[in-house]
């Protein structure tokens, strides 16, 4: 089927697909789970599972970042979130949780978040948080916004950051605004000695541009999750994830070709609700998935069962709600590796990925990116 | 994909799309919101935002028309609505609100509306209302039906109307009935010295015909909004808005070409529920959107939280219900420009449009009409 | 788009459409409602509106048959229903209504219907009922099943039947079983002096075969209505009505051609829930619609607000439930011609058809069969 | 329409269809139900109806296996389920039912199942159960998993098994793991003197491979049923059943051709909820359907109204829930052959198949596999 649809006279739209629209189809040998490796490596850093956390305070504290690292994933702390602004984050979280319980005033939550994020970023606070992660021995990854990247990065690197994530809701290589001044991402990255992961993007061209800036990884998507983010409702903008991942993987392939061998990782951020979606994202070509809401079900999550992204704190146009995460109360290890006591895909997220790979006969993530797909007719 | 589907042997139907079916896809540079202009101009009248109000009493009183004008939009008063028929509109509105509360008799509301609209149109009343708008200094726009256009227009112009909106639920250029006699829209318009906006239409051909009558603007759609209007259920007639806007924009392009430069504005009336839909309507080619239900959430709205269109008052075949508008209680300014305290697209309608344009790198409405679109696969 | 889909290797299915999938699109002149005629004629009998009743006891008593005839439609009494089996139908209806109220035993209803239909058909009873209709002066139409057609028809004609409806849930021309013996419909029809309407059919070929038997009208569909009939759930068999009507209309055109002028009427039975569906059925090519459930809302309906079809009384495999009809309490005249007090398409069924024709500029049913259609993309 | 969709740049997915997506269309003669045969034969064993039970303890006890055999179907006992592990199965079932009633702890059910399945398989117990079936005179069929096939089969055959079902959730011919060692299904089958039915598979290639191992029947699908199984949510893996059955039927045809006459039966396991789905599965090319959940409505079912599959007992990654079966309380005979007191397709499962075949004019299952299909547009 042609991928361009004429929606009216002289105007076409491209057909695009969400992860929900596709399914993996077994069509070869099966394999035992023990033979499957889920490992991947970005720059010098190797991870046992293709998990990068969405840099939301609802999921990533210095403590959970360490736990996730020890479990094989990459925990990304937000250098502009609550840990960067408040000496007593527990109090801030308490206010958020209490506002969520105030059912009389549905706007209370967003107002509290907006207020908490109006406090200034303090380098001493974020430095302390980074030190806590670094001391554990795991890889230290933090996120900055394009707006504050230039200002914050030197101190962050000095504090020991090993992977820098430059992430805004929608990022481009041509023009990333900083107080009206464009951030030249290419120059910014070439000046750094640590690998940079940048995004999110939604199309081939922007993914390609970001790869050409030297980014070690490109984030695809805006972290949208059902019931939480509303980019489509608010802005009319949408990035159907299956198509966006496939396109970014095409950019990765073309960039690999034009550079004669540089491999830019594709990290899928959005549309993942249950373990089956992780398998689908890898199947579409992602090297790793960025998880937010699915991790908010962990008993260790700072959000205590609530989930939001930083877009919820926007002072005039919030594009994320605070919502209850998936309902379960297990620790992070169980959430990632089981055992599960239900068949809803909420627990044993990466045990399920391993099994999906085994059931379709693949032993590595890179091979699994070629598994057969169907789409509901 | 071909846009004609064979639904059976020898009979085809055209595939058509609603705004809900499409999404905007970012694929270029981003831009700061400050660089974005949402202004447009029709004839000599310039507006800061592409907002035209649907001429419903639920939203537009003389007072809110003035407010909307001061906020940069075009408020259109219905010259055949409550303000034209009742000296004490507050009483009429009180009866409507009270009938809506009568849950024992679900037909009470429509009966009250039918009765209120059975009262005669009084030129003194509508003249007073127009004077109130004119005195504020904003552009004066009123709506007449095709049936009463010839009869009412002279007095309306004398009262100071600057833009005339001739709007019926379904209008054609070939035959607009007036008591059995066709209204010759071409002659009617050529005799006037004010710009005329006419509609609604649902296809290329009718849009083209209306443009050739000399209309400065063509309304696309019938103001349908979910839960309120039922043209499809009642008549089987539907105008999927994304396709209808694209087609009318094609007519605008062809009319521009055949006249060597006359630009007929396309105003989209229907299918807009949240701010994201406004961006989508412009992206499909609209020059402005006609909003009804989304504005009924304003604390100043005469409908006091209720919404209906004039089709609700039809004496034998109502095609609109009275329904609760979107649930929020903010003033018009906040509704249009924020700040918003939720991510549901109900508040900050035009702040969101500005941001959508910035996030996709466009600085004017005319350019934004070319933004990339996707359709759910 | 090609209408055959490969659902797997070497097996295709045809795309087919329900009335819900399509919408009528206005694309020409408009017209005043007064200029519209909804009349049609079958054999020597002319009707003011394209309404044939589904022959269900829930809607058609001798009394309502007369009323419908006086209002311009064709009321079809079931010669094998309650009026043919019980001297006191009121008692039978009372038992049905009471069983419907027995929420403790959801199977009570079907059992009562099964039991009531196990009583023998009595020609004296059905003769009396026919006399009541005939005496009113309206056209007398009754329905027999293919199984009992040969046995019952002579007496029915003697009683004064003017139009005979031979209707089973699924009928074919090649083999209509009667106690194991095929009914030769062609010979049966050629022996009769009254016009025969036969069906239901679901495809071009069977429609064509029925036309070639000499049937004056062919019923398309099996009277399915949402929440009532379950042919798809029970048998896996379905007849998407838009496609089925279009195909039958193609058979009508080809039969007209091969006979040099015989016009076999297409009567659509199923998928009509609201007034808009009537317009869509005609737009697809139907000459008339067979209505059951939508008429059960009338205060005169024998079902007293309940609706079922004769398939509900099948002794071992019922394919119809007893369900509440649409919720309103107006008389038949209002149901057909308004005024309506709501915008849900339940009331003013044929006033709405007239308006749909006017709004799209057509003055006769035959022309309206060519109106433009869209399908949701 | 081409069956490959480009979901992004350089990556395609195949369109695939569920049974729900299709409908059977009558397009020829009709036939009396008495002329219809639903019989089929696999190896030397003939069955009056195309029913194979899913080997779940919720449906198949030694007792119900006998009943199903006497009613004309093939009851398959799970040689690794409760009857193989517990001397007192009634106690085990009581614990399951009690856990289902514990609404305070939703994980209790899965834990009980996991625990009950952790007990060792005892050959004396399964031998006793097989003897009970064998003594009744019906054909004895049992299921083993690929993991335990080699170990258990000799004793099972000695106990009198006549048809062996080797079934895992996803099986391949190339590599069926047994403690890390592949089970060579081809050698395994060629060493046996009883016919083997193996699966489940989801695509042409794996079906073909299994046929080439000498399997007398291939199971298509993984027994998924709405609300119970979650392969898609948990693993991202899905097998739309209409397409999967059609593909397996294509493999059957090609295998028949390449072997010059060996007919491998296709048994559809999944997606069947109501009687109409059985007709659709046969229409797609299945020789028989494997039913689980629909049979759990029988009053004799061991699950006492509950339904689960063995995947519910997986120790770390359950992919099936325990759920209430369809709500009715009739005996097995009525469930299969009626009479039904409702039109929901739950009762009279094979009476409905017979009628669907009659209504479309087919007298054998093999012919009915060619019936016309439509797909919702």
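Letters A, B, C and D name the chains as they come in the text, with residue numbers starting at 1 for each one.
Going forward, contacts are C-beta pairs under 8 Å (C-beta built on N, C-alpha and C of every residue); 3 or more make two chains touch, one makes a residue touch a chain.
Since the structure is predicted, the reported quantities are computational estimates derived from the model, not experimental observations.
Under the touch definition stated at the top, chain C and chain D share these contacting partners: A, B. Think of chain A turning onto chain B: fitted on CA atoms, that turn is 90 degrees, to the nearest 5.
Farthest from chain B, judged by the mean position of CA atoms in each chain, is D. In a homomeric contact, the two copies may use the same or different surfaces; for chain A and chain D, under half of the interface residue numbers are shared, pointing to different surfaces.
Between the Cα centres of chain B and chain C there is a gap of 40 Å. Between chain A and chain C the centroid-to-centroid distance comes to 57 Å (mean Cα coordinates, whole Å). Residue positions 1-2, 5, 7, 15-17, 21, 243, 375, 377 of chain B each touch two or more of the other chains. Contacts between chains leave no pair untouched here, as each chain touches all the others.
On the chain B side of its complex with chain C, the touching residues are 1-2, 4-18, 21, 106-107, 110-111, 169-172, 174-177, 180, 201-203, 205-206, 229-240, 243, 311-312, 315-321, 375. Here chain B touches chain A in the complex through residues 1-3, 15-17, 21-32, 34, 204, 242-247, 249-250, 253, 274-280, 283-285, 338-345, 348, 351-352, 355-356, 359-361, 372-377, going by the rule given at the top.
In the complex of the two chains, the chain D residues touching chain B come out as 5, 7, 377.
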